[in-house]
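So, here come the structures, one by one.
You will see two complexes here that share chain A, one where it goes with chain B and one where it goes with chain C.
== the complex of A and B ==
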């Protein structure tokens, strides 16, 4: 009884968070799952249940294929470039040199800007500076279907690479100096030290960075919406934008919700699989 | 023990405080009941925002117990916001819809019938037709737009163009003159996708719909195919021909940049609604702009514009607690003082009966002249519905950005329209 009373006090402090969780997450989530089985247009007061029709329609919809292709190209490209660049910069920034802290700050500052603001900034640079002075054809990167995804990757990298750099720097700092000393005694070159000491011992950092970067880039919405709206000619439309259009512009909220649920399940599978894979590769120090 | 009790009390108080904050406050009841009207729209031009604000202030002065709260947002945010507000029973009293999105709100009983209001009674004949259904008017248009070629007079003079083109041959010859003089003939701002639709509409409204008012409806209900129509094929081909006379980066240029280019004399023309002049006026002098009908044949008599009914208007929430007061607001909006103010400051054709723009200058004078002497009355459907509209934009963008021909573009349009229509 005493334990119950004591624990009850602690649980009481959870009440505001639980209420927020229920109203801000659980209730909308359950409502969204319900809507996916209806023909709701997003504004009517009533709707009809149509079973699994929305889910079957996903497989018949040819327009979603381009959104899936764009999303995969963007996510894989962004994750690979982000992590390679972040690791390289982390290794460089982990060295002692004059201005080290200033350099670290330069890479972290863009993280303070929202994705929308970053998109506006780079859209201006692309159309007013690159297209006007540097582009051989006079076309901007974001206005060309063959380069628009590269443009979105550049914006995303500038805005968010700082967080992965921080995680990799923390991982590098945690590697005991003994390993470096032992490698130096054995005559290991810089590349061999990187390949056989740094990479294996950065396992936990890879688990976090690659998993988070891939799953967040698969969900990319704000940067693309602000920079191109999914254009030109749907060449940068991601699955998130496809869902948004169906929910709010085409008055097909039921169908949009069905796509969102399938997408959520896929993201969970990808996230959990990636985490398990990288966890199995981690080396104990 | 005491500290634990205090902690529990504080927690409970926090929870209760959160719940109390969301409880509605009971409205005060008195004879001069305070009324608050909420209005949401997507007006973006400064001169129109000023006019709207002056109407709101004037109405509140005449009705001291009424407060009107106005919320404005971009068009993209507006569509999503207004739909969400109606779905969550938090709809405004006054809002704006156009002829393509109004039907779904009428179908759900969200829009009030305003046929019997004084405001509608003051409109010119046919002004409200595009915003009506089954003989009932559901939205009040204040102005009507026409789709024209807006040009920079100084640029034209400098390029040696003394008269606006009346035939297609003259139009492309003038494009060549502009290029030789170092100007971009046509500025396209396709980064904002609605601009591509506006360019497309400048041709098809004036040259297809005026001959077949059902053309858009037939394409959407699939009783007609894009590929079977020589008129639509010609419109699509002309779009690409104009594209070859445009700026180097149409899909990387937004509307604001295009208007700046027109205002600062970097380009000669923009094809879109007659609001181009107002938008470009933010960067230059409105009297420096003129307007003409896009010529598409070599017969000067074919260069006409469609005299459109109002395509967008102010709607009232059918379930508003203050519907009568909201109707009074619409009536006030079309009163003499507000109309005079609109004509003087908004540089657009006003649909209120008796409103005249005798002192119109710049492109408005040209548009009024075209409407009077060189137009075809058209009150039918102008816009494609949302998903069809997006399909048109996607297929046309693909067509312009690739080497494909008009037949390929029309086939792609038919494939998309069949998919959307469920055929």
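== the complex of A and C ==
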């Protein structure tokens, strides 16, 4: 009796959180699974159960193939460029020089702005400045179906690379100075120090940055929506946009939900296996 | 020889870092330049300086971009959602952190981690349906609950980590004095959680202020739009009057950039939490 009373308070402390969890995650998730088996259009009160039809339709759908390809190109491209640049900039910013803190702040500040604002600034720069003064063909990056994804990657980088720079800098400062000193005594060059000391010891930072960047860019919605809305001619339509359009434009909420569930399963598998892979490669300090 | 090449490398590195810094500043430069130019001057020469500062762009933007109203909505939404997350997550984080050896609490922690991995798109359609049937669409309190809840799992994780570093002896002493658990939490533990509470408050404020997905779904009427949603529509509509649009952009940048610079220490702390420990 006494233990129940003693522990009861801890359970009571969980209650508000459990209510929010059920309201925002569990209940929508369960109804979502239900919707995926219906032909609901997103508006009317009535709908019919159609079994697995939505899931089979995914395989026949050619527009979703394009959306999947766009999502993968965007996410892999974004993750690779982001991490290479962030790590490089972190190494440079981690050295002492005049204006070091100013430079750091400049790389972080775009994180303060919404994806909408970042997209507005860069679509202007792209269409009015780049296309007029710099582009060899006179075309803008975002207006050209073959380069539009690169354009969105650039907007995303400017807007969000700061967080990875922060994490890599934290990882770099966390490497004990003895390691550098030992390497200096052994006469290791800058590149060798980077390759054999910094890279292996940054394990936890890699795990976090690469997993987070990839899983968040696979589901990126705001930047694409604000920069192009999926255009021109669906050339930047990602799975996230595709699901949104099924609810608000194509009136196929049931089908969109089936896609959303497959999308979630794939994201979880990718996220967990990436984390496992990187964790297994980490070196103990 | 070695010294010389080293010096060269350092120089190249400095050039790279400053060039990138300038590139990152360029959009801010363009924003301010466009915001203070007249339409005529912009048409004549896009990148030239204006002959005088055209403040009327800002006045124009204040009127047409509905800035005051959307700023009010953004402030209410952000404060509401952040307070909700902090209260709920600190209590849950304390309970889980103190009962970490118990399976039920660990299971709930795992559920919260799984919730963080669910993409918003998977919950979007059912949430829309649920809010429609509850008449909560276009309601700021409704959006506060949803955004507060979406920010909750990550906040709980940070609270759990922090609670586990607080020695339990403090609570045991207070128990002997006859304090109730609830009193212990609000009088003793919650004040001790201040550093992590500030970090979470700062990060969640930033995220909620810029939130797009939930707001686009739930806040569609003009009167309830937050700044990002208002701007999403506004920039689309006023693509011809760039000067006014940039004035609106600059006005909306000022408060959040000041907030970011003032709170930068906490943002870095929050973003890197977990990265070092792994």
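Going forward, the second predicted complex is superposed on the first by the 285 of 285 C-alpha atoms of A that agree within 3 Å, B and C clash if a C-alpha of one lies under 4 Å from a C-alpha of the other, contacts with A are read in each partner's own complex, and residues count from 1 in each chain.
We adopt the following convention: contacts are C-beta pairs under 8 Å (C-beta built on N, C-alpha and C of every residue); 3 or more make two chains touch, one makes a residue touch a chain.
What you see is a predicted model, and the numbers here were worked out from it, not measured in a lab.
S.K.: With both complexes overlaid on chain A, does A:42 touch chain B (first), chain C (second), both or neither?
M.R.: A:42 contacts both chain B and chain C.
S.K.: Scan A:115 for contacts with chain B and chain C and give back first, second, both or neither.
M.R.: The second partner, chain C, only.
S.K.: Tell me which partner A:9 touches in the superposition: chain B (first), chain C (second), both or neither.
M.R.: Both chain B and chain C are touched by A:9.
S.K.: Could you say whether A:27 touches chain B, chain C, both of them, or neither, answering first, second, both or neither?
M.R.: second
S.K.: Quick check for you: in the superposed arrangement, does A:181 touch first (chain B), second (chain C), both or neither?
M.R.: In the superposed model, A:181 contacts neither chain B nor chain C.
S.K.: Going by the touch definition up top, name the partner, chain B or chain C, that contacts more of chain A.
M.R.: Counting residues of chain A touched by each partner, the higher count goes to C.
S.K.: Which parts of chain A are touched by chain B and by chain C alike?
M.R.: Chain A residues touching both partners: 9, 13, 16, 42.
S.K.: Hey, which residues of chain A end up touching chain C in the complex?
M.R.: Touch residues, chain A against chain C: 6-7, 9-11, 13-14, 16-18, 20-21, 23-25, 27-29, 31-32, 35, 42, 89, 92-93, 95, 97, 99, 102-103, 105-118, 120-122, 124-125, 128-129, 132, 158, 163, 166-167, 170-171, 174, 190, 203-205, 207-209, 215, 218-219, 221-222, 225-226, 239-240, 243-244, 247, 253, 256-257, 260-261, 263-264, 267-268, 271, 282.
S.K.: Touching residues of chain C toward chain A in the complex: what are they?
M.R.: Within the complex, chain C touches chain A at residues 9, 13-14, 16-18, 20-21, 24-28, 30-31, 34, 46-47, 84, 87-89, 91-92, 94-96, 98-99, 102, 105, 108, 111-112, 114-115, 117-130, 145-146, 148-150, 152-153, 156, 180-182, 185, 206, 209-210, 212-213, 216, 227-229, 231-232, 235, 242, 245-246, 249, 252-253, 256-257, 259-261, 264, 267-268, 271-272, 274-278.
S.K.: In their complex, what parts of chain B are in touch with chain A?
M.R.: These residues of chain B touch chain A: 4, 7-8, 11-12, 14-15, 18, 76, 79-80, 83-84, 86-87, 104-105, 107-108, 110, 190-191, 193, 248-254, 257, 386-387, 390, 394, 397-398, 401, 416, 419.
S.K.: Per the contact definition, I'd like the list of chain A residues that touch chain B in the complex.
M.R.: Counting only chain A, the residues touching chain B are 9, 12-13, 15-16, 19, 41-45, 61-63, 126-127, 131, 135, 137-145, 228-229, 231-234, 245, 248-252.
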